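Each of the next two complexes has subunit A plus one other chain: subunit B in the first, subunit C in the second.
Now for the complex of A and B:
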């Protein structure tokens, strides 16, 4: 294909990606070093109150935002260096927390709490998702041909459901005296409130994520199981391999490329954890990095948005995902180059 | 190889099937349960006794419900309708459609059938049952409490129809534009082995990893102030991009592009290159070959990719909640506002009804396109 035809075919797509992905990235980087604020002026205001002997006058200095000729608030943009980053990671508090060795102080800084949760979430759910997916795939592979279709249909439901709604539907099962709370209370014989403290909410977030993405791992593993080489399995049987050994030494090595694929996708997606926090209304107890940026972008009481801090937090989020993906990607790259 | 070596002990079989049954319950339970809750009064919906939630005694006593004959006739009619849709409808559509075309005749046929089915279930059946129930004694008395008042409240009083329309505008726009742009790029990338094509795909993969909040922080200030910085170019007609559905469409299409081009590229690679080379030998240009030879055979891949574009746009919360104003809100952020404001138990059940309404189209989607969704999920993985 000639260069010119190729350019025409991919042109619109590249244009969209440059305009709406690459350009915003640059602008986020720029915004994170600049702050846009209304310009204030100081004016002396004399206020007089009528008193017994003439009026009593006081003058005071007031600040008010400067208006342009068409009545809009004037703003100015100034370069602030790393100030916004400092506002996000709060180095002074960080230092005192580390100096006093207090984990609780550290977790009171929102950025570090968000980072802690996001990383724990991404890494802890990974083996659970892979394991659950593989178990379902093996079980479906092992069952009657006739019920495979319906089982796959039911399995796809948690994956296809809108994430916010999925989280909400699980929350409603536990809310107040919801039936699952009632069931747990009956079983454990104690009072339970799933949404009152941080650790139960965090547990719910993990469980929700496994429920939501295990079907994806299942479908991918199930497709992989269909391509297992039967000769290798038969050879293993002749060599006297037990069921477990066949799984461990023939089937799982065959699925290894899929494990790497799923790991990469999971790292990307779990690191973005956000919708669950909306659905579970978890933000008072547990937040993630995406939630932190989202919170800065929302309007505060005065209608202002902390764009600069949001940008700083966004850049830090991006550095995080680059580090997280860098490790497995380098391994894949080396293997590709080696083979 | 004897079959006996592969035969499994009963215990393992039972364990495997038991686990599968457990998983199916876990997977479906939350969704089925909120569907049940949405038809009850708040007292029943949040009862701690599951039987009271299912049978809804409070709902039955205060509002009404279904009798045995209602349930039997309803299920029978639904079964007949589904059976007809599978067995009779395809043949009928194929008869009426001119020269074996698919697509539009299917849309029309399916739409008419769905409307007729809805009319039968919602208008004709209740009218017939209103006459039958009093005549049948114990079979005609209500046993299952059921109310649709929460759905009415959400769709009629709370203006959820407007949110639904906004969702439809955004999802249709995203699917159309992202498939048009993505198909061209996917084809170009599949038929090119240049270095640029390789690096484009690598960059797209990097973009795939970006958290969406990063991008939204980039858009937001420009979207709010767009009337000012667009004024030198567009004059007084410069629009404020913030809150405009078509601006959201552009944003979601771009966010979706990396995934779309990867997926379509892998589908186009499965179409043998000899096919378009043959057309080119016969005198077609690259575009002619694409239009005459590739377009007719590309639909399975395009439909699969379209499904995932639809899901992205339909399920999105982050982008739509930050970049749309209250008037143009889509369904998912609208429901999030609904439960945050919730004050009474009745509001809570309305939020549940709204959640079920959002989930229902997805349910139908999986029902119809299960095979395409599975093939889409595995397309990227199995090829590596």
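Now for the complex of A and C:
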């Protein structure tokens, strides 16, 4: 392709990437090193508020932001270096926890607790998603032609449902005396509270993610199965290969690029786990890195946000994804160079 | 959901009568407000006047600052409380209402006005607080006197638990985040604690803070073990379904727990004053009302003002007397309001109206769960929350 044609085709995409991805990223990076604060003044204010039994008036010294001429809150921005990062990862507490060798102390620092869950979530769900997806694909591939359509549709349903809605509906199945909890209680003949301790919630988060994402792996694998070379499979059958051996030595090697593709997508997605924490109200027991960012970004009762720590936390999340993706990407890179 | 619709329909019916009286509205007005019965009633009346679009959202506080900063503002008016008024007034997003009140507000009570430096910035519709709601039948069956302090409440709950007449003796809004922090705030005030030193540095890591945490842990053992996901609506439902015997709950739910359309135990629940800590009643007084955006046309603001007045007209209040502790004319305190009035007549204080408590409240909101789950001991929890407050307040420019 000519250089000019290439530029014309790629140009719009590059422009969009710069505008909507690179520029905001740079702004987040910049904000993580700076702090923007309103300029406050102390003023005496008389306030009258309604009580049940009549107005209550008080005069007190209040901290109020100064307004600029055009009516916006006056702010000043200062460079703080790595202070926001320190506020997020809390290195002093980390050092004490490591020195005392206490896992519990480490897990009491929000960032490290979030990192622990995020990593466990990402790594544990990966093989389950790949395995379940492959199993469904093989099963569908081997069902009767007549019912294939409906089976594919049903298998895809969990993926079609909006994540938050899916998480909420599963939560309602288990919350309080939800029908599944009630069913389990009846079956096991004991009192069960799924939302009362961390491990049951964490288990539900894992199961939910696998349920939700496996259909995507299924679609990709199912498409891959259609391209398996039938001659190779027949040759294997003639050589006396069992069903398992055909899967292990013919089909899976053929699907390997798809496995890597799915791994990359899953690592990126799962590391940003967030909807599940909201949907299952899991924040009291387990939080993820993305939740931590959200928590900093959330307005407090009086409308203020911790933008700098949120930015620092977002940048740390990105670094985490980059590190995780490094392993499979290097493999792809080597294969590309090799071929 | 059905009862809600009935309720709205009821409000609409009232509104329909009024629409022909004096609240024809021709200017398009958009409202945003919290979502519970009192606001459903008021926005229902406004809808009856015509050309009103209402959004009811439990998380409205997260939207209003940005929405009202736009020019023109995305909404004409919003519901407002002690706490949500702070950022709105700081950023100068509300319109002073004195001129509009002079024109249209003759029917309002003067003690409904929120005045700041002599200017009326909002109009309160009702007051809200938290107080005891209890199953009269259960308490009298077991011969338990109505508790007045948290210690008596815990003792009563233990007796009810031993008798095994309900699933759990009590319910409490202890959902992780704002709710859990709010429980601490109320109890800490009830112990006579102040959250800050004179220079706004935190002061919760002390005996009073420890006492509050100890009590919260005790309460946790008397509730559904899933209490860390239980918000006010969840507790209201527990009460309505007869699963709990007592709760210290928002007064705005006093009508709903006895509503025959929703509650299986309607009529059996009585109200009493908020429970006392060792110093004072461990409840806070809130006002709830309406404020009008600054960045809208005078015409729209005037229409909004007329709608606010119409939504608190005497006949509306009379028709919905038990759904809130109305501050407007026409309200006759009934059985449902008894708890709130006894709380206010006692020594409960208003929820603080300053910026520092916002930062403290969110530090509590993210720091308390670890104590409730048993991951942290009380002293570490309080020290960590103080540290979280300091770093948060410093980032927000409140502390140097």
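The rule we apply is simple: the second predicted complex is superposed on the first by the 289 of 339 C-alpha atoms of A that agree within 3 Å, B and C clash if a C-alpha of one lies under 4 Å from a C-alpha of the other, contacts with A are read in each partner's own complex, and residues count from 1 in each chain.
As a convention for this text, contacts are C-beta pairs under 8 Å (C-beta built on N, C-alpha and C of every residue); 3 or more make two chains touch, one makes a residue touch a chain.
This structure is a prediction, so every number in the text was calculated from the model and none was measured.
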Determine, under the contact definition given at the top, whether A:45 touches first (subunit B), second (subunit C), both, or neither.
-> second
Touch check for A:300: first (subunit B), second (subunit C), both, or neither?
-> second
Classify the contacts of A:153 with the two partner chains as first (subunit B alone), second (subunit C alone), both, or neither.
-> first
Classify the contacts of A:175 with the two partner chains as first (subunit B alone), second (subunit C alone), both, or neither.
-> both
First, second, both or neither for A:281, with subunit B first and subunit C second | both
Does subunit B (first) or subunit C (second) touch A:271, or do both, or does neither?
-> first
Have a look at where A:9 lands relative to subunit B and subunit C in the superposition and call it first, second, both or neither.
-> first
Which holds for A:35: it touches subunit B only (first), subunit C only (second), both, or neither?
-> second
Between subunit B (first) and subunit C (second), which does A:135 come into contact with in this model arrangement: first, second, both, or neither?
-> first
Subunit A residues touched - subunit C or subunit B, whichever exceeds = B
Footprint intersection on subunit A (subunit B / subunit C) at 175-176, 281, 298
Which bits of subunit A are touching subunit B when the two form their complex?
-> 1-3, 5-6, 8-10, 12-14, 16-17, 19-21, 23-25, 27-28, 31, 36, 135-136, 138-140, 142-143, 149, 151-158, 160-166, 168-170, 172-173, 175-179, 181-182, 211, 215-216, 219-220, 223-224, 227, 234, 237, 243, 257-258, 261-262, 268, 271-272, 274-275, 278, 281, 289-290, 293-294, 296-298, 305, 307, 310-311, 314-315, 317-318, 321, 325
Okay, in this complex, where on subunit C does subunit A touch?
-> 61-62, 65, 82-84, 86-88, 90-92, 110-118, 124, 127, 129, 175-178, 180, 224-226, 228-229, 285, 287, 289, 325, 327, 340-341, 344-345, 350, 353-359, 361-362, 366, 369-370, 372-373, 375-376, 380, 384, 391-392, 395-398
Note: in the complex, subunit B contacts subunit A through residues 1, 5-6, 8, 12-13, 16-17, 19-20, 23-24, 26-28, 30-31, 33-34, 37, 46-50, 53, 180-182, 184-185, 187-189, 191-192, 194, 196-197, 200, 203-204, 207-222, 250-251, 253-255, 257-258, 261, 286-287, 311, 314-315, 317-318, 322, 332, 335-336, 339-340, 348, 351-352, 355, 358-359, 362-363, 365-367, 370, 373-374, 377-378, 380-382, 384
Footprint of subunit C on subunit A - complex, ascending = 35, 37-40, 45-57, 62-65, 67, 71-73, 84, 87, 104, 107-108, 110, 175-176, 193-198, 281, 283-285, 295, 298-304, 306, 308-309
